Amino acid sequence: MEEKGFTRRDFMKAGLLTAAASALGPGVLRPTGLWAGTSKIKGPIKVGYQAIMSGALAGYGEFHKMGVIMAAEEINASGGIAGAKLEVQFRDSTLKKPQAIKNARYFVDSWGADFLAGVDSSGQALALAPVIAELDKVIIITHAATEKLTEQQVYKKGIRQIFRISSPTYQDGNAAAFVAKDLPAKSWATISPKYEYGYTCWRMFKNTLSILKPGASFIAESWAPFGTTDFRPHINTILDAKPDGLYSTEWAGELITFVKQAKQAGLFDKIKHVMFPVGAAMDVLEGLGKEMPDNIWISGRYFFLYPDNNQNREWVARFKKRWNHYPAYVSETGYSAMFAIKKAVEEAGSKETRKVINAMEGMMLDSPAGYRIFRKEDHQAIYDVPWGLTKTDPRYPFKIMGKQILVPAKDCFNRPPFEGPGTKPPF
Amino acid sequence: MRKAFVITLCILSLAGLILLGLYGTRFALYLATRIMILSIFAMGYNILFGKTGLLSFGHGAFYAVGAYGMALFSLHINPHPLACIVAGLCLAFIFSLIIGFFCVRHTEIYFAMLTLAFGMMVFSLIWNLRDITGGDDGLVGISRAPIELGLFSIPIAKANQFYFLVVFFFVLSIAVIYVINNSPFGLVLSGIRENDRRIEFAGLPLRKFRLAAFVISGVFAGLAGSLSALLESNTDPFSAHWSHSAEPILVSLIGGIQTFTGPLIGSVIFVWLREIIERFTQNWMLWFGLILLLIIMGFRGGVVGVLSRIHRIILGSDTQSQRIA
Amino acid sequence: MTEPLMEVQHLYKAFGRVITAEDINLRFHRGVITSIIGPNGAGKSTFINMMTGSIPPDSGRIMFEGKDITSLPIHKRVRLGVCRSFQVVDVFPELTVFENVEIPILAAQRRAWKMFGLVTNERSVHEEVMEILTKVGLDANADLLANALSHGDQRLLEVAIALAARPKLLFLDEPTAGMNPIERKRILQGIRELSQEKKTTFVIVEHDMDIVFALSERIIVLHHGEVISDGTSEQTRTNDRVREVYLGEEVDL
Amino acid sequence: MLTSVVHVCLAGLSTGMFIWLVASGLTLIFGVLGVLNFAHGSFYMLGAYFCYTLLRVMGNNFWLGLLLGPLCVCVVGYLIERYFLRYVYHLALPYQLLLTFAFVLIFDDLVKIVWGPGSIGSPSVAGLAGSVPILGRNFPVYNIFIMVVGPLVALGMWAMLERTWWGRIIRASSSDREMASAIGVKVPALFTAVFVFGTWLGAVGGGLAAPYVGLLTPGMGESIIIDAFVVVVIGGLGSLKGAFLGALIIGLLSSFGTRYIPTFDMFLTFILMAAVLLWKPEGFFGEAK
């Protein structure tokens, strides 16, 4: 009961702060030099950031870097973190776990990092957990989505150094089910990646949707191995099953390939309700351009047209000016991670791990994606990301998220203690 | 003279390893541990590659099998590190025996391709048998429980404690591999590399010897894998991938294929060089590729080969007695 | 007479339409130096290959010391005592001369599987190696790499490796090819001496008729896979079919 | 049911032909030069990127890009053979494999540096876009195009090798290098020519792949090279006929495997590869050793 109470209080706090912030208006995140006068922290604040920078997913590393570098520039231009300079070093995480561990150890033990951030792969994030406990530095995960990280490693095992600023599989699985329940589709199928991320999201989607809409059926699954370039056999599997709706957690280049091949096979004509939980990623939208069909449900960890407020609009404009690019979701999470560090250090008045953790637990962060609260129990950032339908907009050379539905994070994120009744949506 | 020199060098190296363990920073210890694990992998592999002359593209599978065997035993049966390592070795032994039984029927490119196929089968199994292996997440939460030895127990949880456990296995492996290389059996393996047909006419069962070399190298790969699972406290399915199988080949090549110390020196350079490259660029593949190119085009004997050539020139000694076992 | 060392019964082998062994029936007795001759393509190499296990016969039986060895693999025949040398140099090129001979002796002394123990400690093996090297006159070159030897010495080494397997029956495939007269003399002398020890029985395939007639106590002539003559050198010289077969060729019988 | 089987078949055939386009050059190079070229995947990648760039420069003319792009890659292939590979022919297998592996690393990063790390969506080909209905389900025109080009390439190579003076020389040199040079064939020059031709085939495969896969990524060669290896192996190393058949089998196997035995799709491919190596290592059309 008490744990539930915490949650409620956090949300109330969030609500209050949201109100307060909107009263203050935009520009909360603007560099102001406000901290120039506060107590100084010794030496620069060093952040070791790792992401995939080679191979087929190298584009993600690039997007991470854009957001992080821009944040560092803004923070340092306005007097740094409590007077201390923010320094960031990047390393290629590849997809292999030993590489991620070596990077983390290098950052902390050799380079002297005060914070770690980044990480794309869920497997790597899980492998890093015990290492983080040993190194005793705060890490902010900006992409890896596995719910096991926060539920098991942080909540159950108590590795409090781990925080996640990006939305987890809940957004891809549970939130999708909330959207799907209002669609006329009754039978669902999936083409998803043949690894844990794909399996987990589909399981979550199925579980939640079958509670929300008892008549729903799940009739076909086809799993595409990592690096699939030919989705036609998978598409055939789905077309044979004739479902009303298709749910697919394919992402990055594979989603581009899949959409193109599905379009050729006429999949979008036969299946009217299609959901891509990671379809709102910039690389996918830009890569597909006009070839992305209209009226597909897409979401992501952040979409640059949401929230539709001045703060986000200005941030996107700044980003576009700096990089000649729209921010991808990892750009936003990377950017916000730097500001999360800034805020936590300044609130703690120290970069000491214990104090920073205490400051960050339950901390509210105002960010381009809106208000985030780091849930105290599992250190998962709670923030809302919309689902929406793709549509053509003459202002952009690619499809954007048109009609948007917001499933509030508090309604679709699993809740501590993560087991037993009332911990999984719907509540 | 020469023998005394080698013995002095060995003692100095061991002293260096111990001093590093006592006074090294945590990152230095970590890198050194990884170098030693890679060395065990590469030196074992070189029994098959450098000694017997068979190029395998599937030994990553045995590394992975060792790691998963160790991890499964630790998570489900008993976390005693030595028991877990033995479990990993047993599983690696069984796998290399079965896979080797098929693979040693061929040599050269056919052997390489067969090992590639079997290695990727293991990779695919690890990836797909999620209930057992955890899929791409791997097995996490492998603890470094203290080694209980009846009356007393040795803790290995801390980096420097674990370092000494790896040093123990590292030195043991070097000794065992040295003896195997210089045993009658090792001489037969050299004979197989030089002229496999003639081995049969010497009255020796060629395939059985090949299989034995295959299994020995597989078991050392398993040892390396199970130590790595303890080090990183998780298992990685990519360790069974062919690209990981290529690592001991690269290492041997950098150090020198047909030398005893080649894989060892190669491991040091491989890990260290990559660490250095990664400090100034994220395009490490480009630089690594260029260095590889340089080695193949210019320094085919590897570092050890080049060093011994220099050594020979300085001493002006004859070419025969300078070959390293 | 005593039981033959090796007995070949109704041996038949064909490659496609080419018959390389046509109902061959032969007996080899202990201590008799036998030569097999015949024009090119007579089936001499195939015969050796079948005897030593490289090629299985299509039909027929091979008995060695009363045991059927027709389907035994090469190394098991060697262990029983059937061995051969090769026409082209076939040594272990990057090993020393000593090690070249050491390998078959390790096998003969059943020490080849020993993994834990240095090979340098194998005293009894070393003695036997030096014994054989002395016999063929390579003892001074023991520490050289095999491919550093002259061609003639490599041929000697070839024979030494074959001898090291302790063969009871040794097939020598053109043992003197590419040797100079001095080396040739040495090897012939060696063969004769070894034969007199009665431990090894030699069967030689040779082109050089001088050697054949100087050395052999028995000569077998093969032609198109058939035995057309089998007897002493005198019998061979006077055999009509042999003369017929060799008529078109520049061979001085 | 019928629709399903037919479409699974069609998907398998087009996948097979797609792999064949890459494997053809690989198997030719192996057959003649005896080198298993890891970097073939890089030629495929470079082919795709060069074609794409030229296509962009020259007003979206796919055919002009496909004509000129692979020629640029041929220059790369020439340099590699002439200044690197030539010096390792006499060396053991690992040196050859690792030399070509080094180029994989180098080209993967070079592409990332030159063209950017992100994936690039490739435009569809005018005239070959869209799809046609077959038994009530659409099938892409471009796949049909690939299914036509594949056999044409095979036929062209067969004609070249079996019917021309060049082909005879190539076959002669691959079976006996010394003999060929004894009768006056300039073997090194011939090897360069064959390597460059193989490179061209790989690059054309890449150029054709971009619209097929729909996207270009750094490292795209690595996913295809293993498939191509498998095809070359089960076809019998160096046999063109075998590789063609092997590609069809692998294509169909992966298509039917994905549809009907989805858990072990990748496993099946490697089981087949191992089985062929064990029972018929010379491939479907190879001669016994």
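A, B, C and D label the chains in the order they appear, each numbered from 1.
One rule holds in what follows: a residue touches a chain if its C-beta (ideal position, glycine included) is under 8 Å from a C-beta of that chain, and two chains touch if they have at least 3 such contacts.
Note that the structure is predicted; figures quoted are calculated from it, not measured.
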Smallest count of steps, each to a touching chain, taking chain A to chain C: 2
Chain occupying the most central position, where position means C-alpha average: B
Comparison of A-B and A-D (more C-beta pairs in contact): A-D
Whole-Å gap between the CA centroids of chain C and chain D: 49
Computed distance of Cα centres, chain B from chain A, in Å: 39
Interchain centroid distance [CA atoms averaged], chain B/chain C, Å: 42
Interface hub residues of chain A, defined as touching at least two other chains: 53-54, 61, 225
Interface hub residues of chain B, defined as touching at least two other chains: 127-128, 283-285
Interchain contacts, given as pairs of chains that touch: A-B, A-D, B-C, B-D
Residue ranges of chain B touching chain C (in the complex, touch as defined): 176, 179-180, 182-188, 190-191, 193-195, 197-206, 209, 212, 320-321
For the chain A and chain B complex, residues of the former touching the latter: 53-54, 61, 90-92, 95-98, 101-102, 105-106, 108-110, 122-123, 126-127, 129-131, 134, 146, 148, 157, 194-196, 199, 225-226
Residue ranges of chain C in contact with chain B within the complex: 52, 73-75, 78-79, 83-84, 90-96, 99, 102-104, 106-108, 111-120, 122, 125, 143-145, 148, 161-162, 164-165
Chain D contact footprint on chain B (complex, rising order): 49, 55, 102, 105-106, 108-110, 112-114, 116-118, 120-121, 124-125, 127-128, 242, 246, 249-250, 253, 257, 283-286, 288-290, 292-293, 296-297, 300
Chain B contact footprint on chain D (complex, rising order): 36, 84, 87-88, 91, 93-95, 97-99, 101-106, 108-110, 112-113, 226, 229-230, 233, 237, 263-264, 266-267, 270-271, 273-274, 277-278, 281
